[in-house]
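Note that the chains are named A, B, C and D in the order they appear, and that numbering of residues resets to 1 at the start of each chain.
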Amino acid sequence: MNPIIERFLVVRKHSEAICKRLLLEDYSVQPAVFASPPKWHLAHITWFWEAFILVPFAKDYKIFDDDFSFLFNSYYNNAGKRVLRPNRGLMTRPSVEEVMNYRQHVTEAVVAFLKSSPDGEALEIVEIGINHEQQHQELLVYDIKYILGNQPTYPVYGSGYETQAEQQHPEWIKGKSGVYEIGHAGKDFCFDNELGRHKIYLQDFEISNRLVTNGEYLAFIADGGYQNFNYWHDEGWQWVNQNGIKAPLYWHQVEGDWYVYDLDGLEKVDPEAPVKHVSFFEAFAYAEYRGMRLPTEAEWEISSDHFQWGTLWEWTNSAYLPYPGFSKAPGALGEYNGKFMVNQMVLRGASAATSEGHARKTYRNFFHPDMRWQYNGIRLAK
Amino acid sequence: MNPIIERFLVVRKHSEAICKRLLLEDYSVQPAVFASPPKWHLAHITWFWEAFILVPFAKDYKIFDDDFSFLFNSYYNNAGKRVLRPNRGLMTRPSVEEVMNYRQHVTEAVVAFLKSSPDGEALEIVEIGINHEQQHQELLVYDIKYILGNQPTYPVYGSGYETQAEQQHPEWIKGKSGVYEIGHAGKDFCFDNELGRHKIYLQDFEISNRLVTNGEYLAFIADGGYQNFNYWHDEGWQWVNQNGIKAPLYWHQVEGDWYVYDLDGLEKVDPEAPVKHVSFFEAFAYAEYRGMRLPTEAEWEISSDHFQWGTLWEWTNSAYLPYPGFSKAPGALGEYNGKFMVNQMVLRGASAATSEGHARKTYRNFFHPDMRWQYNGIRLAK
Amino acid sequence: MNPIIERFLVVRKHSEAICKRLLLEDYSVQPAVFASPPKWHLAHITWFWEAFILVPFAKDYKIFDDDFSFLFNSYYNNAGKRVLRPNRGLMTRPSVEEVMNYRQHVTEAVVAFLKSSPDGEALEIVEIGINHEQQHQELLVYDIKYILGNQPTYPVYGSGYETQAEQQHPEWIKGKSGVYEIGHAGKDFCFDNELGRHKIYLQDFEISNRLVTNGEYLAFIADGGYQNFNYWHDEGWQWVNQNGIKAPLYWHQVEGDWYVYDLDGLEKVDPEAPVKHVSFFEAFAYAEYRGMRLPTEAEWEISSDHFQWGTLWEWTNSAYLPYPGFSKAPGALGEYNGKFMVNQMVLRGASAATSEGHARKTYRNFFHPDMRWQYNGIRLAK
Amino acid sequence: MNPIIERFLVVRKHSEAICKRLLLEDYSVQPAVFASPPKWHLAHITWFWEAFILVPFAKDYKIFDDDFSFLFNSYYNNAGKRVLRPNRGLMTRPSVEEVMNYRQHVTEAVVAFLKSSPDGEALEIVEIGINHEQQHQELLVYDIKYILGNQPTYPVYGSGYETQAEQQHPEWIKGKSGVYEIGHAGKDFCFDNELGRHKIYLQDFEISNRLVTNGEYLAFIADGGYQNFNYWHDEGWQWVNQNGIKAPLYWHQVEGDWYVYDLDGLEKVDPEAPVKHVSFFEAFAYAEYRGMRLPTEAEWEISSDHFQWGTLWEWTNSAYLPYPGFSKAPGALGEYNGKFMVNQMVLRGASAATSEGHARKTYRNFFHPDMRWQYNGIRLAK
């Protein structure tokens, strides 16, 4: 088979595979503004194919349902009006079955289109579409965990997403001062925010070869880390107090012992495993407590060949800002990245929830500093 | 069959019948804090039987699931902790199927219990349980309409709930000043808030024999009723402006014409039908516009034999307050009515969504003055 | 002197006398949305004279400052746009001195007008103006206390406003069932909400001859009254928990003992004095705790000749609703009372902060059920 | 005189000079959470001297008033509890007179202390104290303008703060790629966030020799800049719509023409003068509209010798983050800068409101991206 068709079909099937253990009741709920219902994800990534490939490029394509653009556009102002984000969880219609029909309709149409020898411009957007669907696959895992983790009954989902990094003997990797290059090079796909490859100057630094463990983080809690304002950003301290934060997300204290909910159920916290689901505020406070700091994204990228990464995203102390020469694409796809470059922090690496083939060391993930439902951990620098 | 068992079974089946046209996706969503998911209603009314009949009275009853008391208690502080109201829509588990199994389990257990010749105290609570389930049946209709009415696609549900009062030739019924009695008398079931029957003094009054029509209400809109503060309570005027209210709930203006969504779909507003889904603020403002007023609940009750009622609840200008001698039941059932006797207004009558056998002229329904998802209309007095 | 001029001047001077111990800094601050700066009161009641007497009736009257109508209108939509209530505390200009000049200008103009033999219509509004200024005098005392009570330093203001009712030997006054009349009669001034005198029917009742004391209320606190939801309205219970309410307003617990701030400074709570500054929610909860209830406004009015009243307003369990036949005045003065007749509760009596000659037993004061900065106490009924 | 004493006295007097045209009524008001009352500033900067110099270093110093630490601490958690920021405007006591006495008491005690040959550690904190007071002098100007600018009467304050940069003929200054050094060097005072001097790598860039003018900005408005989401960050677009932003702060449209309030009163917008009081969101959007960008703080610092600066702060596109090797001071002064290094953007330069001797090209000012009451403008880069 045409390799692009094969990749396309693998990706499409994987989105559905992620959801296959859900009950029908789990598909439509939106437990927080930042999370989306699985049904919405499945439909939205399908709409993306329809809106950016089929409608503009595929001759004679017939839109599946005229309402779906309004229902399943996420944030592309250029692509028209849409259901507001906080209301995604109110959409009980279309049904899951109808969304699955929509998926099949669009998948078949894209395959037909790919067989028709599309031109280079279209193929570039196909590549974006594949990567876009992979991004939503990771969000699907976050949101499924958040939906199930908010059930008072802590249901077991069962999957491979909770695999842990094997923890190394702790060592410090030295980085030497000097001029380096970061950013994406070569012809493989990358997002616009990774371009262009450019020089930066780094000072001497050291970066840990492993992630902070639950055991180390438990010491921070036991030492009153959540009660000592000296470790926290001013906004972090407000966040802690306004939300009554006392531990990472999904942690529950039961008769003095700490338990953690994950997709395999509620279990005692494993002190050897890396801590996960902490906000940037918490990662920063933990580093302060240790008298260290978080790495910058450039330090991380430069030294990433020298440590294991990829089971958990890692907060950096770099704000999400444009690289020199950044320019956004024309039209709706120009809204993909650039308009988020304020008030967010960069995460580097990848996680066990990242789809195969989607990770690279120049990848710039980003979240607001209070977000922690994503799969992430803490790596220290000094 | 034992008549109480027969009534019990009729009521239980009716709850499920109300939901039978729902998609599975519609059962779990909570589109507003004041509304609840249909699944929650079905489970909560079942929990009520379990908590107030089976657990205290039925020997050897085995609780279906220990978690359900936490999940499906509504507001009975005396019955333990519970899922907070705004979070009812996050509960994807238990599934609808499991809730239906719960219903069957409890229905069978109550039937077995009723066959065991229960004593009078238990039978009184059975009566409350039946009426409680009927109240939730009406709320189920409101919430189903609200869930579907918030779908951008306005799905058709189809049912008999949108039947309209046949509009009479308008006439004014005169009430003469003097001492009257209101409140429930006799041995039939009533809620504690209808007791006891007591004297009141009424001045001369007149009350309309029919409800305000859509056509009449359209004139209010056309005359700038929503823009003229003189018709409104100070809080009503804030409510109009903060929420951008321009018409009754479910009304939509399409190219200059007013349409209304109901369970039969989106249709043009029928000027002959009574206006429905207006808040107390709107009902009051409309009466001011007409130079009239809303009736008091006593005026309504005294004159209710002289006009048709029962297809729509009717706002009165009476605050929901205790009757003389009101006393609440001991324990959790004491929380049924009394604790809501502040900041709410009384509605009288019944609606097409009221379950058979549940209406009576002494019935005191009540909602906050901004609520309008219930089936209600406007009757004028002067 | 013309008696109406004399009364007018006494009232004008009294407003300034209330403020005379304030520092200039105290005049402009607004510590809560429901309170207003003293400077605003002094200017607003002056604007009222200007807008409703001088401008419509006094020939050749020259408006003091064209901006002041915008600055000092309170809530009369019919009288034009105005500074929004939450922003009253931002008005540092005009200065206190300028407001005092405004007062003098308007006082002199009204005196001149009163000497010109005004007609009956104008004299009626003069009477409203006098009563309006007296109402604001009482609010001035509340707001001054609230401003000073929110200073961490608890400054002493010193005045006669904290005099206490002499507490009688407790007795129950019996009221017999039957038809009574309530509401204002005769030719003396009253507000539109007290008209017209009308018949009501009362059941047998008993009402206490004295107010609940601090000592009795301390027992409620000690018995866990603020922790037991059974005593509270559902909304009262939310109010207690959302605001962390543990005692009446101005009470402070210092090393286990209860102190109360009043205009004479911070002192130990006197168990013999009547409890004051409690919300309707607290008054209701206290009555529930005692197995009693609050009186209705009709019960209060009928029996008010048989007990002492007048040092503290008293919550009733009557919602603030129109009397039969209530009609509001045309124009802006029609906004005086009617538009507040929803979601508020009636208080009867008067307080030590009520201006001389302003109290009468038919007076209907009203506040939202969570308000407690007014001078009020609790009288029980059963 | 001892030069440090002389500098100290000059700075102390300047704080009072800034306020000298205020009415007493203007001193205590807090028109927004981010602004503070002038009285509070005057007392807080005095408390800073007392808490960090007099109490720890000056033998026999007697605290002026024990309550003032609670009242006038700003955000130093290490220095004890304090009045919460939103409540600063409620403090009518102490009076302005008492605060002035407090100032004199502390000024005299610091002079006496400075005469006593203090050691180097104390002198370092004296230097911080001087710079701290200068920072509040600038904030005083911002807050005075905001207080007066919120008066519906637009009072004239009159001062030299509204002087404008003389606008040059527009030119682009070229910066060449390569390794540069930024950050503070030498022994003069600087804040901890400017240390230490370090290498960075810059790409080729161009930076404008002048600020964007009102005339240029008016074109952006006229071209629909506030209505076109393509120019805005996602959060900026929300900010525009939630706050109804249509122009810079203090701009008012009167019958089609744009006016601007400044300390000299309300005047027509001068198209030649630089635009001021725009948020980072607006500065960014304007740059997007022009197809350009804002400079980074490193670009600004490197090229600042080649253009005029100093009458308005300038937004950069750099997030406020620690320089390599940043470490915060021990104790309360460690809270000065570091805990704000998240979610804020760097501004470079100085303004006409900056105190003499306080400006330097390594200075890192910072504000949240929605703030615009500070004196700032826009410089473009590409």
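Here, a contact is a pair of C-beta atoms (placed from the backbone, for glycine too) under 8 Å apart; a residue touches a chain by one contact, two chains touch by 3 or more.
None of the values given here were measured: they were computed from a predicted structure.
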Most distant chain from chain A by Cα centroid | C
Which whole number of Å gives the spacing of the CA centres of chain A and chain B?
-> 45
Could you tell me the distance, in whole angstrom, between the mean C-alpha positions of chain A and chain C?
-> 57
Where chain A and chain D are represented by their mean Cα positions, the distance between them in whole Å = 37
Touching two or more other chains - residues of chain C | none
Line, ring, star, complete or other: which describes how these chains touch one another?
-> ring
Which of the chains are touching one another, listed as pairs?
-> A-B, A-D, B-C, C-D
Mind pulling up the chain D residues that touch chain C in the complex?
-> 23-29, 31, 39, 67, 70-71, 83, 87, 89-96, 147-148, 150-153, 155
Note: in the complex, chain D contacts chain A through residues 75, 77-78, 177, 179, 198-201, 203, 205, 229-230, 232-237, 280-281, 284, 293, 317-319, 321-322, 324-325, 334-335, 339-343, 345, 369
